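For reference, the structure is listed below as structure tokens.
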Amino acid sequence: MNATAERSEGPAGMSWFLKVWVVLLVLTAVEIFLAYEELPVHIMLILLMGLSLIKAAMIVAYFMHLRYERTSLAWTLVPATIFVLVMMCVFFSDSLRIVRLGLFLH
Amino acid sequence: MSELEVVVTGGQEIWRGGESPYAIPSKKLGMWLFIVSDSITFGAVLFCYAYLRLASPDWPTPFRLASIENATIMTFVLLSSSVTMVAAVEAAKAGRIASSVRWLGATMLGGVIFDVLHIREWLGLIHEGLRLYHNDWGSSLFGAAFFTLTGLHMTHVTIGVIYLFIVATGFRRGKFTSDDVEISGLYWHFVDLVWMFIFPLVYLLSARIR
Amino acid sequence: MGRFFAVVLTVITLVSASFFVLHTWWMPVDISVHGPALDKQFGETLFGTGIGFIVAQLSLAFFVWQSSGRNQSRKTRQFPGGARIMVTTAVILVGFEILALSFVGQKAWAAVNLDPAPPNAMRVDVQAEQFAFYFRYPGPDGQFGGVHPDKISEADGNYFGLDPASDVAARDDIVVGSLTIPVNQPVLLTMHSKDVGHSFYVRELRIQQDFVPGLMIPVHFTATQTGKFEIVCTQLCGLGHYNMKAYLNVVTQEEYDQWLKSQIGQ
Amino acid sequence: MHDSSKPTTEHHHSPPQGFLWTHVFSLDHKVIGKQYYFLSLAAVLIGMVLSWLVRFHLAWASAAIPGLQYLSKVGAPGGIITPEYYLSLLTLHGTLMVFFVLTTAPQAGFGNYFLPIQIGAEDMAFPRLNMLSFWVTFVGFVVLISTLFVSDGPPISGWTAYAPLSAIGTDAGPGLGTGQVLWVISIGFFCIGSLLGALNFIATTLDLRAKGMTLARMPYTTWAWFITAVLALLAFAVLLPACVLLALDHLGGTSFFIPGGLVVSDKLQPHSGGSTLLWQHMFWFFGHPEVYIAIIPGLGITSHILTATARKDILGGTRVLVGCMVSIAFLSFMVWGHHMFISGMNPFSSLVFSVPTLIITIPASIVTLNWIGTVFGARLRLHTPGLFAIGFISVFVTGGLSGFFLAQPSLDIYLHATYFVVGHFHMVMGVAAIFGMFAGTYFWFPKMFGRMMSETLGKIHFWVTFIGVYCIFMPMHYLGLAGNVRRYSAFVDDYLAPLIPVHKFITIAAFVTGAAQLLFLFNLFWSMYRGKKAEENPWQATTLEWTVPSPPPFDNFGGRHPVVYRGPYEFAVEETKDDFVMQDSPQQPARS
């Protein structure tokens, strides 16, 4: 089995990376634009985090070449990381309680 | 082979031993594992930041347009340095050593510019009275969280510049291979990736709009 | 050697279990309304795990006895049914136990921690500090005065940081070192800490709750028997942790009224 | 461009010369494994002496321990331990045992030595990194021990270092200034060492397996070390920033874990806005996987040794056993809240956390039942490692079952912070893991040092230890049931005073059991020089570590590249003269 042959199609040279770079810059611009729209905090948070996740995914997939590696590598690395980070969200149930039960907040 | 195994392994017998199941050098796998671990470390600090911010009703939003502009330039510099890094890796893979080293130099330059801009901003904030333990605009944790998070990231950028320098000199002398350049690239892109979260969470959500 | 092991393990198992069965050391008698449910759940868990303990240890002992004396040239045998029977047993038995316990336990936990205190509950403010508990009753006006950490002074006996000079509600607050409550009266404690983490533990009440610095944690219970009980700290709080305690006096309503009157008189 | 499909490693180094490079700064995984092992041995000795001091004080609070005043004049004036010094010793005992013994010996010690050999590799994937992780861990150890010699001693905040007690500084009590900072630094170093080690283990297991060593043919120990490394890589990554933030609370004046309005020692603290529950969340987010980091290598070692003891594979084989270990590891990230049922955490979370906690008992029960089923119909060879492996099953069952109580928030209301918890975690995480280590030591000693350990001394050691741990830790369950609160330096109140005789019994049992450990120590060092010469495969086991000389040569296989033809535990094969077939034996086609 030839190791290089079984990898997915390689990236189409630098022009492809420049396209990714432009998309990342555009997404950043959208984020800055959103920051100055007076949206409710939770909607803004979801939008900003969503855009950041897309940007992160693009960096991982293209700049870090994960898309062009064997799928086994992505399956080894990504689910565990996401799982741990998602579990940490449970912390927030107590953060919100502090607002409710807090004594001397100021 | 079960369906799950097919999905995970790509349907190939890659786990039989005697070879890497990912067809990459072990060093690269090692860097990937480091990135997994480090992203959880950064994740934990970001979660702490979000936790404390949610719990503090007096969280300040002190970043005026100038700060946001500065941070945007920093984002631009870091993203662009990722592109130069990609170019360095491509050149290294193609065997163009001199070109690769030049691109690595450009990437390091990006890192240094990022650091300089960041330190300039730190100094500005310190001048305005922001401290690790104190802040005039509200919760004292703002200063703590800001300096800890960005400081941790700046440390990573600085280490990255040193790391790239070592790799570039070693690569030019033939001590390192194109694989080493690619691995250092992984680290550099990861530092860029982390900034993609710090920028909106720390800067954009603390922008002074009016 | 195997037979010796089997005998030793059997003795250990039976001796260990016997102390549980004989209640040689046991929880003190419960004096709370929610306690019987917890005790019942404890009994059920002990029954389930006790059987598991004895069966597992004794079968281990028995199998070791059986297979250590074997002729070394004899063939080994598989457990009848193989791993499948083990997996099935574990999933069904333990799964059933888990389901039963979670459903029963949910109710018992909810009674203490999720259900709101009854509207007629008597409010007492509790503050823990290194290394004492202080209890505050609202006094005749039924209102607690505000708490100001900067006014706290051990020397003046102002443990809560009250400000009677400018705060009318604080003037008649009663601050005492032990908790006196009437029997069969729902009590709502609002717990906060002056310094580090502490915990409020009354064994007989089946109540344990940490004091969280910076937070006001509510806890409610109803005592069903009169008597004097220990309140102890169970969260490591510093060098005097072992000696941090107060007393809970559960008295009749008449005695309580009298006690309250004497406190206001002071 | 060179071929990147071949795993590139640094292990084609030649044997080093000179004592310093062969024994101190060696890159050889076998030397590093031994270094880790002896580091743990030092830690466990100190930890055991600390536990003696602590136990002695609990039984005879006012009695003097001659000579102790020389260790700390303030902490033990005239040899009598003060309440604060009791807590200092307790903290040090817990930290040493959890981090530098339970996390270090079974994983980094045995794992380093045997993982590469078991998968047929010459060395770890990154030998330099391996050396670095040991020395970082070693620095952590030295820093931790140094707390004994700073002015006000080790911290008094326990191994969990709950904020704000651990974050405020000396106002809150002795040892919380310099001692606490050193503690945080030590644990930070330990985190870095563990992360680097974990990374190395994972890369080694995935990349350096010999030809034919498929995942299904990896021995149980290899699987256990691999799963543990994954846990460590993910969990220590959370403790590390927690330590950084706690250190900043001390050194930078931040208030991450300190809320506002705290008055300590009559001083209003200059902090505001932090959260004490945040520390608990971060600590236990690491802390619960840590429990499994301590015990999963034990599960692996026990299963591995049980096969050679019983002369048959574990019931259910790799599929069930590894499946269970993986599910335990997966669930361990969803249950940390069961340490915090009464911590003031959101009470809804308690209900949510209790369910996966109870579910973990299912894979744990399956593993236990399969072990017991394996003993059925076996041809037991009860040598010392076998005895310890079977003893492991017994203590694991005992310790595990009390977890049923503590997993239920409603029962935890009564049992939390009592000796019931102390008994539970000592039994399941301490004693069980240490039985795994003993089993591993007796089993692998011939391979590591080329000589056999004394069976007679080993058996005495086993019997005293086995009976001893039950005498120490079973009564703790009864004490907890009676409401005896833990972390008290003396039992002064009317309620607890009648329980002191039980504590005296436990203390005496602890001294007797401890004395047996000195016997083990003697056996270890005596056998290293005077033991019977070991052959290549003294236990007639099947895995690759028994195909190389004892001790193995520098590159493990003497230049040979082993090829694996069959599963790890093929016992009781009829066609052969022996009742076992080595993994690299090509003679007959594999049965499965």
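Note that the chains are named A, B, C and D in the order they appear, and that numbering of residues resets to 1 at the start of each chain.
One rule holds for everything that comes next: a contact is a pair of C-beta atoms (placed from the backbone, for glycine too) under 8 Å apart; a residue touches a chain by one contact, two chains touch by 3 or more.
This one's a predicted model, so the numbers in the text were calculated from it and none came from an experiment.
Trainee: Comparing the two chain pairs, does B-D have more C-beta contacts than A-C, or is it the other way round?
Mentor: Here the pair linked by more C-beta pairs in contact is B-D.
Trainee: Look at all chain centres (mean of CA atoms) and spot the one farthest from the centre of chain B.
Mentor: C
Trainee: So which chain ends up in the middle if you average the CA atoms?
Mentor: D
Trainee: Can you check how far apart chain A and chain C are, centre to centre, with Cα atoms defining each centre and the answer in Å?
Mentor: 43
Trainee: Roughly how far is chain B from chain D, centre to centre by C-alpha average, rounded to an integer in Å?
Mentor: 34
Trainee: How many angstrom lie between the centres of chain B and chain C, each centre taken as the mean Cα position?
Mentor: About 47 Å, centre to centre.
Trainee: Based only on mean CA positions, could you tell me how far chain A sits from chain D in angstrom?
Mentor: Distance between chain centres: 35 Å.
Trainee: Touching at least two other chains at once: which residues of chain B meet that condition?
Mentor: 19, 21-24, 29, 33, 36, 40, 44, 51-52, 55-56
Trainee: Which positions in chain A touch two or more other chains at once?
Mentor: 3-4, 76, 80, 84, 88, 91, 94-95, 97-98, 102-106
Trainee: Send over the residues of chain D in touch with two or more other chains.
Mentor: Residue numbers touching two or more other chains: 4-5, 206, 234, 238, 259-261, 272-275, 277-278, 285, 348.
Trainee: Throw together a list of every chain pair that touches.
Mentor: Chains touch in the following pairs: A-B, A-C, A-D, B-D, C-D.
Trainee: Quick check: in the complex, which residue numbers of chain A touch chain C?
Mentor: 97-98, 101-104
Trainee: Using the touch definition from the top, list the residues of chain D that touch chain A in their complex.
Mentor: Counting only chain D, the residues touching chain A are 3-5, 206, 230, 234, 238, 259-261, 272-273, 275, 277-278, 281, 285, 333-334, 337, 345-346, 348-349, 352.
Trainee: Provide the residue numbers of chain A that touch chain D in the complex, in ascending order.
Mentor: Checking each residue of chain A against chain D gives 3-4, 76, 80, 83-84, 87-88, 90-91, 93-95, 97-98, 102-106.
Trainee: Which residues of chain B touch chain D in their complex?
Mentor: 15-27, 29-30, 33-34, 36-38, 40-41, 44-45, 48, 51-52, 55-56, 93, 95, 131-134, 139-141, 143-144, 148, 152, 177-179
Trainee: Which residues of chain C touch chain A once you look at their complex with the stated criterion?
Mentor: Checking each residue of chain C against chain A gives 147, 149, 192, 214-217.
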